[in-house]
Each structure stands twice: as structure tokens, then as C-alpha cells.
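Chain IDs A, B, C and D follow the sequence of writing; residue 1 opens each chain.
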């Protein structure tokens, strides 16, 4: 339903044009310093209107905490928070009330529930991921003393892609450009592409790469709760995501077992692997090497151009969305990928401690 | 842990060289005809030794049902089943007791639990998927009256891949060759490759494509329980799987929104989409079109050749596995992909009925 | 953790002196009329300060809905709500910051979490049950079209108890007196007792009886999810509850099987039982008869008198609480018992529909 | 459904006259010595036919373990086990196939599932609790190194009840008589009563008291997962149980707050309570004192005498059960109460470690 995780749990609520977006974090360890400035800064990374590349919906998105904190620290009780919606243009959606926008969730929601909030996509809006960003920021704070870090970056937009792996880039450069790509030259190309697509009222997708370092050995469950299955489910829960792989992923079939088995070695007393095609996970359990993975995003469905569709009665018609749109979701999805990964890691870290 | 699903639940047990492999199915609707011959036939599809392409471990793998059936029908109570292990060569593993096989789960299990059953990979053995195949076969029986069918086939082995999509093939041909590929010519190429790799004691991976038809509109939960996220988690739980995508997946970034939005039309009274890049799922919820997805497998880790590794004390050494190995897991993984998909679909179908 | 239910789920948050109390309802069927005036009226039944019998903390406790409703109806998405705290006297608790109040949760929270919000009992305050009352009120609205009603009343305060069973009273009279007891004479006695106890800065417990009518046959799971086990767990989750029984409960041992077996009869075409010692549940599953149960409450722990205790360092000392206290929790717990029962019934009703 | 617990999980299967009864234990810590002789001895305590007081169904009930153990220790993987059914007299039930036995689950199962296994009560038979006893025995083994012990005893049969609390008896005497009552004189009275009831083909209920010692501070979750709510749900899941209370339970209303608040003291450096009306739990969390509770059992429904009932078509008729019956379930339920309590405690102990 609307709860993510088992030990560290985030339950979210909110629609694009409702009163507020928010959630409840349950299971956060007690005694963590709740650095609300850091949490707000993480939220700012997904804020609309932060650059010319994203939607022009402009909201401060200030998070308010309602519970679970005392004298600046977590108490082990549920941490509720909310962000009020402010800059809704609900009128924009009146004309689309009875139309199904192509590749949106309008049709499936209507059929599933018999009712839907049509304003701005309602519950299916990417705006609802505010809650995940807050949950993820808190998870990052809890992972910090454990030495686990989570980073993501845009590695492909349209056909423009980075050639190297995450080891070839300085990931601290990710935040230095609006695309959130650590290769400045490619970032510029991507930016040009996104601007051009935006002018056409069109959209473009891409790939985000995630990297998790400092992982202890032993996170993950052997059969159905494999660590990469949990990461995959987390990523596939993000709007517009079409695929997930980890380690050498969809390239793995190109290599024989003898070519990509990760042989073990003794690295100054630590058991390590010479290569890391496994992506830091073996048999579903972390082996202490870096975890890295890819998340494929389609171009988002909202176009500022005419499209064919049907209305609620099945009559074929033309839909012509107006107003604002997000030409490329990737820059704003980078913090979201980090958030989902951070929550997954904390969830499994707490699970491991119960054994 | 070792339970899959929420409404239709499979809990599994067993190690490669333990007494038995099996599971408990909970939540299966009452009154379903338990066609045990069909279930056994599904199990036979994953049986070792069924062709020269697989491991020569030779077991009848006869399933015994212990509960939950009465006069040939399900009663709504838990359905327990087991398959006894017979052809273990546990002695083969004595030499490897204190060694960590590269890219296997030996090291991670040892670190996680402080103890492991080293015989045949113990719990991490692919043999344990017997339980999933039985659970999936029962799910297929429950899906049949609903008109939902699940099919899978080998679409790539090594660098040999099918050029077309699932619509270009007659999927009933899948079972006509040992590779389980519906294109006879490609199947022959794949078979040659697998035989060559086997002779070298090496292994090779590939891709399995899954297709689900007859899906009602409305399966899937909006945020964290998206239908494709559940399918992805199910597939990523299969041994040796490195990636999952659905619809146009990792190719989605290559298209603009205007190129791959699936516009709606009225198809003789039914609301349908003209194209299906979405892969039958929009906003996480099935839209009534075919669901299709890909699952990437690495080459399995067990090689019949020397490899470098370390022992439990971190001393670098050589491991030299002997005995039997499975040069390509894909043919036997085809029924497993179907099983996991069938269980996922039934799980969500039951969930939808609760609303 | 802080989530109740599986299909109809309430996740709650909030501390006595925090910013707000609230929750998220997930799984509420779509299309239910969200009669917010009714929900507020249910909340008013648990409001402090509604009579001389309860705490004098005086709060309007106005509920604000943040999501999940559209044009007055539920949409199937999460329904978030909150009630802001207003009349906190946090200063009252400064002196007790490092003391453990006897029979309160101060000590256990401190030991479990290493930190606690000492103001007004923090998370362990009965004030947090606001969230349950809202969740229960919404559940009542969803149960209404199904014909299921849930009622509760005070059947014992101290040693004053009703002699008859629920069938002997007109339960619509429950709200006619501040004790919420349908027997006016006993209610007056109870009221006198509570006033006297209040004057002494003391507290008194009692028993609440719950009755559920209009229940369809088939709610409940056979083994661990028996309907009465779920009701019991729900009731035992209420602050100050010490026991739960249903049907003839703790009196059952006094009868032989031949005396209290409920024989079946044909009641004008409906299969019914002649007696109902079973309390409407057989084998954990509802049989269509009325469900009735008892909930035992201890006297609440907050006394306005001196008590012995220890401080955080284990030094023995005297604690002397000042300010406000609730001499008898039962009147305000009546709507809470109803709320928990309503949520349980809806949870199981949705589960049954999934089969 | 058929799974108990969250961190230590038991999933059970089996019907009275099916092939076998058994289960899967998931989440058992690795490295525990699996003393199978102890587990079998626990199972023997619930075995039918062990004394003249119980049913004469005579089965060795030998447990077979199928997985999860290696060289005598748990490995952290699922532990599957089964007990084959042997002494079924299925013929005895042919006549009752279409009749609903009063106060049994025949009617509710038939209505819920539309099908049921009528032989010996099918899934609703007390025989299925074999699985709980094995799960509980394993939990006891895991609790042993933690110093937590769980004991239960018969404290009431019919109107014969023990006058004292658990502190007044030597609980090691419980196993010295077939009633499992630590007071020899009362045990003899109870035994006489049970024999007399048996001769009449009748049945009698009673109360079992449970005691848990050596509990660390901090087990239990504040709101919905209170430790006593979990214990209560566990006990209410046992067949024929009608009520649960803990601490002073249903007697609590008889005391004012000033009379039964448990004041804290310093007991040689340990913070303790002078009294323990709370039953070792405050605010839902263990406080380190003994936990004690009562479980009320009705007389079991199977009588060897004529009773009125209806058949599947609603026709009123007479049912006349023949064969074997259990005049008083309490002696055999004592190990079951211990088993459920042990599993609950281990479940919460593991949960606490995850924080």
C-alpha cells in the first residue's frame, strides 16, 4: 500500500493539489540528531523551479515536523512531517477532468477506484515524492554514524551517456550543474538537449546511476529478500522508472563465468574481491564492496502538445495540456534515487541487527 | 525472510543437500482443482538432467502434498509440499568446506550467520527453487479461470539474441527445444554455444523475456506496491539475476515522450492503447494490455576449472571444483520466471478483490 | 510498530505535548462518503473536559484532513489527518523530568530508547488515541453500508457493575449520561464514585463491554488470525487495559460442554444458534450472531498525591504530581473501544473480500 | 493467515486426518543448538493418550526435521518439520459430513470457504497445535542463553481453582501430575472432576496461568505492538480460549490507583518495583519484573452425547458423535501456552535487537 520498508518504515500521503504532502517515519532509531537544515536542503534538491530545466511550478516546500523529535533528537517514536501545497493551478485541469492523458495513471486510477482526484495527477503526481525525500534524508542521517554513504548521478539523458563507470568520476561534482552529472562536458550536452526538448513541449528520459559505499558485510536476506531485490523494488517504485540493474546488470550475459566471477583476495587483512562485477552483493547479501546500480527512466508523460486520447465514455478526442511541464525528470530524481536507496539500506541494517 | 507474497504467500525451506526442499502455500483460494499432474509437469520443466544442456544431477523430484487439499480441491487452508533430495554427492564439497567459491554466497553466508551448510551451496543453491515452481504452478491453476496466462522464453544467451519482440514469435514453440527459445534457428545457435561453454567447464548467461496476457485493469498499488515493482522484486529474487525491465525498459531513454506515449483509442468498445511501450502498466497499475518484461541473468558462478580465492582465514589459495555444473541456467529458469510472475499476479489479483 | 491493521491500516503519530497528534489511514475503500461532521462528533466523545468526570485539560481537538478525500468522498488513497495540541502545560512536567512515575511508561521508555519526551507522558499519553478515534470513525462510515454496527458502554466502575448482559439494556441510552452506562441508576452510582475518587486525587478502573451486530458469516482466519484474537489485540493495545474476554469469557470454565455448546437451529430459513455463549465467533470465524466482549481497565496511574519512586540514577525519592488528572478513563475510552473494534471489523471484512 | 510472529516466524500446516502436521520456522537465530530430544519431549507433553484424562487417540507424534540444521545447530535458514498422522479414524466422521457440530468450526468453515475437510475437524482440530509446540520448543532453546524462562500450569478446572498466585507454588511440581497443576491436592480434585466428566461424555474448561521470568527491560512496542497485546493475541489464537488477562487483570477494577500503582525502589542497585500488579509490563514494554497472565478455556465442543443441530441444508436434526474425545483440554494445553509465550518473547527479543 503506501508504506515502504519493514524496520525503517515510511508511510506517505498526499495529492498534487491536496492540502499537503507528507508522511510518517516509523522505526527510526532513537537518539539520532535530527538535522532539520540538512533535511530541508535535501528537499530543496527536488524542489520544482530550481533551474530552467525543470517545471516552473514554484513552491518553497518547507517541511514541518509534527512529532517524534525532542530537543533535536529522534526519540524512537513516529516522526510525522508535512509540506503544504501552495502553487497549485487546479483550474488548468478542469478541461482534462474527463480525459485520460496518454501514458498517465488517469485511466488506471479511474478503473481501479471508480473515482480520482484529477488535479495535477492527484496521488500519481511526482510531487508526492516529497515524502520519500524527507524519509530518505532522515535515513541518511541515521546511516552516517554507520559510515554508509549513498550517492546518485545522471549518467544518461536521451542518447547522451557517460562512457565510464562510477569509478571514473568525481561524484562530488554532481551538484555543480543543474543536470546532476559529474562530467561537466556531458552535462552541458544534456542540458542543451533538455532545453531543446522543453521548447518543443516534449520530454526526454535517461538513466541514473546509484552508488553505495561503506556497506558492512551481511545485509540482505537469502531468498526473497535479497538486498538487490529490495533496491530494485524501491527504484521501480519511482514514477517513470522502467528498469533496474546492478553490478554488470544487462551486460552480464556478454561475459562467461570465467570472465566475470569476482575472485577473492586478501587486501591487507580484509577479504575483498579483485573485481566487482557482482556489484557488492552475492547471494542477495552485501559482501562489503561498493554497491552500484542503474535506474532507467522513460520520458515523462506530460507533454505540452496535442495528443490523441479518449474520454471517460470511450469517445476518441484530442487532449491539449497547457501550463507547466517537466521536460526531464532526471535532475530532480537524483535525490529521490538516493533517498530510496538510503531507506532501503537502513531498513536492512536494522533487520540485520535483529539477528 | 523466506516468504513471498502477501495475499497468496509461499514460504519455502530446504538446502541443496538437506533432507528435502518444499514450502507452504497460504492464501490460495478455496475450491481450485489441484491438478497435481500439471504441477508435477511444471516441476519437471526445471528438473536437472532433462537435457545435455543442464547439470547432470539426476533426480526425479517428485512432489508430495501434505495438507490443504481435500477430494482433489484446495480448501483454503495451507498447502504444504515437499520434494526429497536423493542424488546428493555431498562428498564433492568436503574439500571446499573452508573455501569461498568466487561469486557464490559462501562468503556472505558465513559472515552473516557465522555458520553455513557448505554442501552444494546449501540454502543458496538453485535447487531450492523447486518450491517456487510448485507455488507458481498452483498459482497458474488459480489464474486459469480468471483468463490470465503467463509465459516466458529464452531471448538471449551470451551474445546471441532474438531480434524481435514477443509479438514476433509463436510462444507455443518455446518447449520444442531444450533452450526454450521460440526461434528454432537461434535456439540451435544458443545450444551450440552452451555445449561449447560446458566443455570448457565454463558458464554463460542471457536474458529471459516474460509475457502476461489476459490481465484485468486495476492490478497494482499506486506508490510503493506498483505492479512492476512487485514483478521486479520477484525476478530479482531469482538466483543469478542482475537486472529487470518492463515495457521498453532500458531502451525508453532513447525515445522522446511524443514518440512513446501510448495514446488511447476505442477498440470496438474497449478502451485500449494504440502502442504498448508502457508494457501494460501505467502508474503502477495494469491497464489491460499485455505485460512484458526482461530478466537478465549472469553466467552462474560454479565453474569446473581452477579459480583463485581465499579460505576462511583469509589465506589466498586455488579452488578447483569437480563434479557437475550447470553451464547455462536459462532453460531451467524459464519455468521459474513464469512461476514467480504467476504468484505475483495472483497475489495482486487477491489484493484487488479486497478493495 | 505504530501501524494497526493489515487491509485497513492506521498509522499514528504524536506526543501529548508535541505539535500535533494524527495519523494516516491506508486501505480505506474508495467512494465512501467522508462525513467529517460525524468524525468530529466521534472525536468530541473522547475530548477532555467534556464533563466533570474527566481531566480538565481543555482542547477543541479539531481534526484537519490533509489528503485522500475529493469532493467529499474517499478516493482510495491515504487519508492523513491531524489535531494540533493547544492546551499543554509543559511546565508542569519540569520537576518530573528525571523521575519515574509509578506504573507509568516513563521507566520502560527511558530504558528502551535511552531518551524520552517527559512532557505529559509523551508518546504513552492517552491523548495519542485521538488518532484511533478518527481511524475508527472512518471505519464506522465504511461499515455502515455493510450493516455492521459497533457499540460499547461502561459496564463496571470499581466494584459497581451491571448485573445483566448487553441484551438487557437499551444501548442507545449510553450517551445520556457522562459515564456512558446504559443503566441510569448504576450510572449515577458510578458518577458519585468517580467524583469522590477525583477529590482524593485518586483514580478508579472498570470494565467496558463491546457489542458488534450485523456481522456476516466468515470473518476471521482459522489459526493465528482468529477474529477474537484480533479484537483482543486491538483492545489490549488501549492504555490501561489489563484483560479481554469474549462470549462467556472467564466464566466459561464454570460450565460443562453440554451446558454451553451453542446448538444450531433453523431460524426462519437462516441457520442460527439457540444460545450465544460463543460470542458470535466459532473456530475464530464469525458465525453471524452478535459479537460481544469485555475489556478490563485498571485505574490510571496518574495520581494527584505523593508517591514513592526513584529518579534516573536510582535514588529513592517522592514524586508529587500536580495539575490535572483523569480520575476514571472509562467514559472517554468507550468511543475508543468502539473505534478499535470498528477498525478490526473493517480490516477483516476487506480481507474476506480478497478470498 | 497461518503465520505467527514477525521476526521469529512460524508458518503451520496440516489437518487432523491429512497426511501430516508441520511447519516452517523462519528467523530463528543461527548457531543455536537444536536439541531435538528436548523438542520431542516438549511434543510428548501435548501428545494424546498420555494419561487417562485425555483423548485416547494414540500417536507417537515423532517430529522429523527437513531443513535448517547443520551439524546439530541452526544455520539461520528456515527450519521445516513435520509429524505424520497415523491413528486417524476417518470413518468415524462419515456420518457427520453434512452436519454442523455445535460450537465447532464446521459451519463457519463451510460458509467461509464453501468446502471443508470434515474428518476430525480438519484444520480446526487441536491436533494442528503440534506445529506450535515444535515452534515453541525451538524458541525456548533460543531463549535459554538469554536467561528467559516460560512456565505454565493449570490453575482452574471447572469451579476448582487455586487460591494463591504463582508465587505461592513450586512450579517445578507442575509435571508431577497429569493435570499439570502444582498443588497436589487441588490436582487430585481436578483429576476426579475430569474423570467424572469424561464418563458422562461431557467436557470441562478452566484456566491456565503463565509465568515468564528473566525478562530484560524494553521488550514491547508502545502503541499497537504492546507486549501484552502480543501475548494476548497469541493466547487467544489457541483453540477454546475465551479470555486473557495479565497482571491483576480483571481484578484491576477492584483497586484504586493508589492501591495498585507499583512504586519503584532501588533493590541493591537495580531499579525494581515493590509490587507487581502491572504484571511486568508498563506502557506495553517489559520492566524487568515477572510477567504473569491467565488464559481462560471453555469446555471443548466435542461431546460423546446427543446434541441438536442442523445439516447443510438447514434441516434440524440430532448429532451423536462417537469414538474418542478429550474431556478437558487444559493438561495438554499447558505446553501449548508455554510454546506460544516463548515464541512471542523471542519475536520481541529479536525486534528489540533491531533498534
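Points to keep in mind about this one:
Note that contacts are C-beta pairs under 8 Å (C-beta built on N, C-alpha and C of every residue); 3 or more make two chains touch, one makes a residue touch a chain.
Not measured: the values here are computed from a predicted model.
The interface with the greater count of contacting C-beta pairs, when B-D is set against B-C, is B-D. Among the remaining chains, A is positioned farthest from chain D, on the basis of C-alpha centroids. Chain D has its Cα centroid 27 Å from the Cα centroid of chain C. Put simply, the C-alpha centre of chain B and that of chain D have 39 angstrom between them.
With centres defined as mean CA coordinates, chain C is found 46 Å away from chain B. Counting partner chains per residue, chain D shows two or more touched chains at residues 1-3, 12, 27, 30, 76-77, 112-113, 123, 222, 355. The touching residues of chain C, when paired with chain B in their complex, are 7, 27, 29-30, 76-77, 222, 350-351, 353-355. The touching residues of chain D, when paired with chain C in their complex, are 1-4, 12, 100, 102-105, 107-109, 111-113, 123-124, 128, 156-159, 197, 200, 202-207, 217-218, 220-226, 228-230, 232-234, 236-237, 239, 242-250, 252-266, 269-271, 273-274, 277-279, 282-287, 294, 296-303, 305, 307-310, 314-316, 352, 355. The part of chain C that touches chain A in the complex is made up of residues 1-3, 9, 11-15, 18-24, 26-27, 30-31, 64-68, 70, 73, 75-80, 82, 112-117, 122-123.
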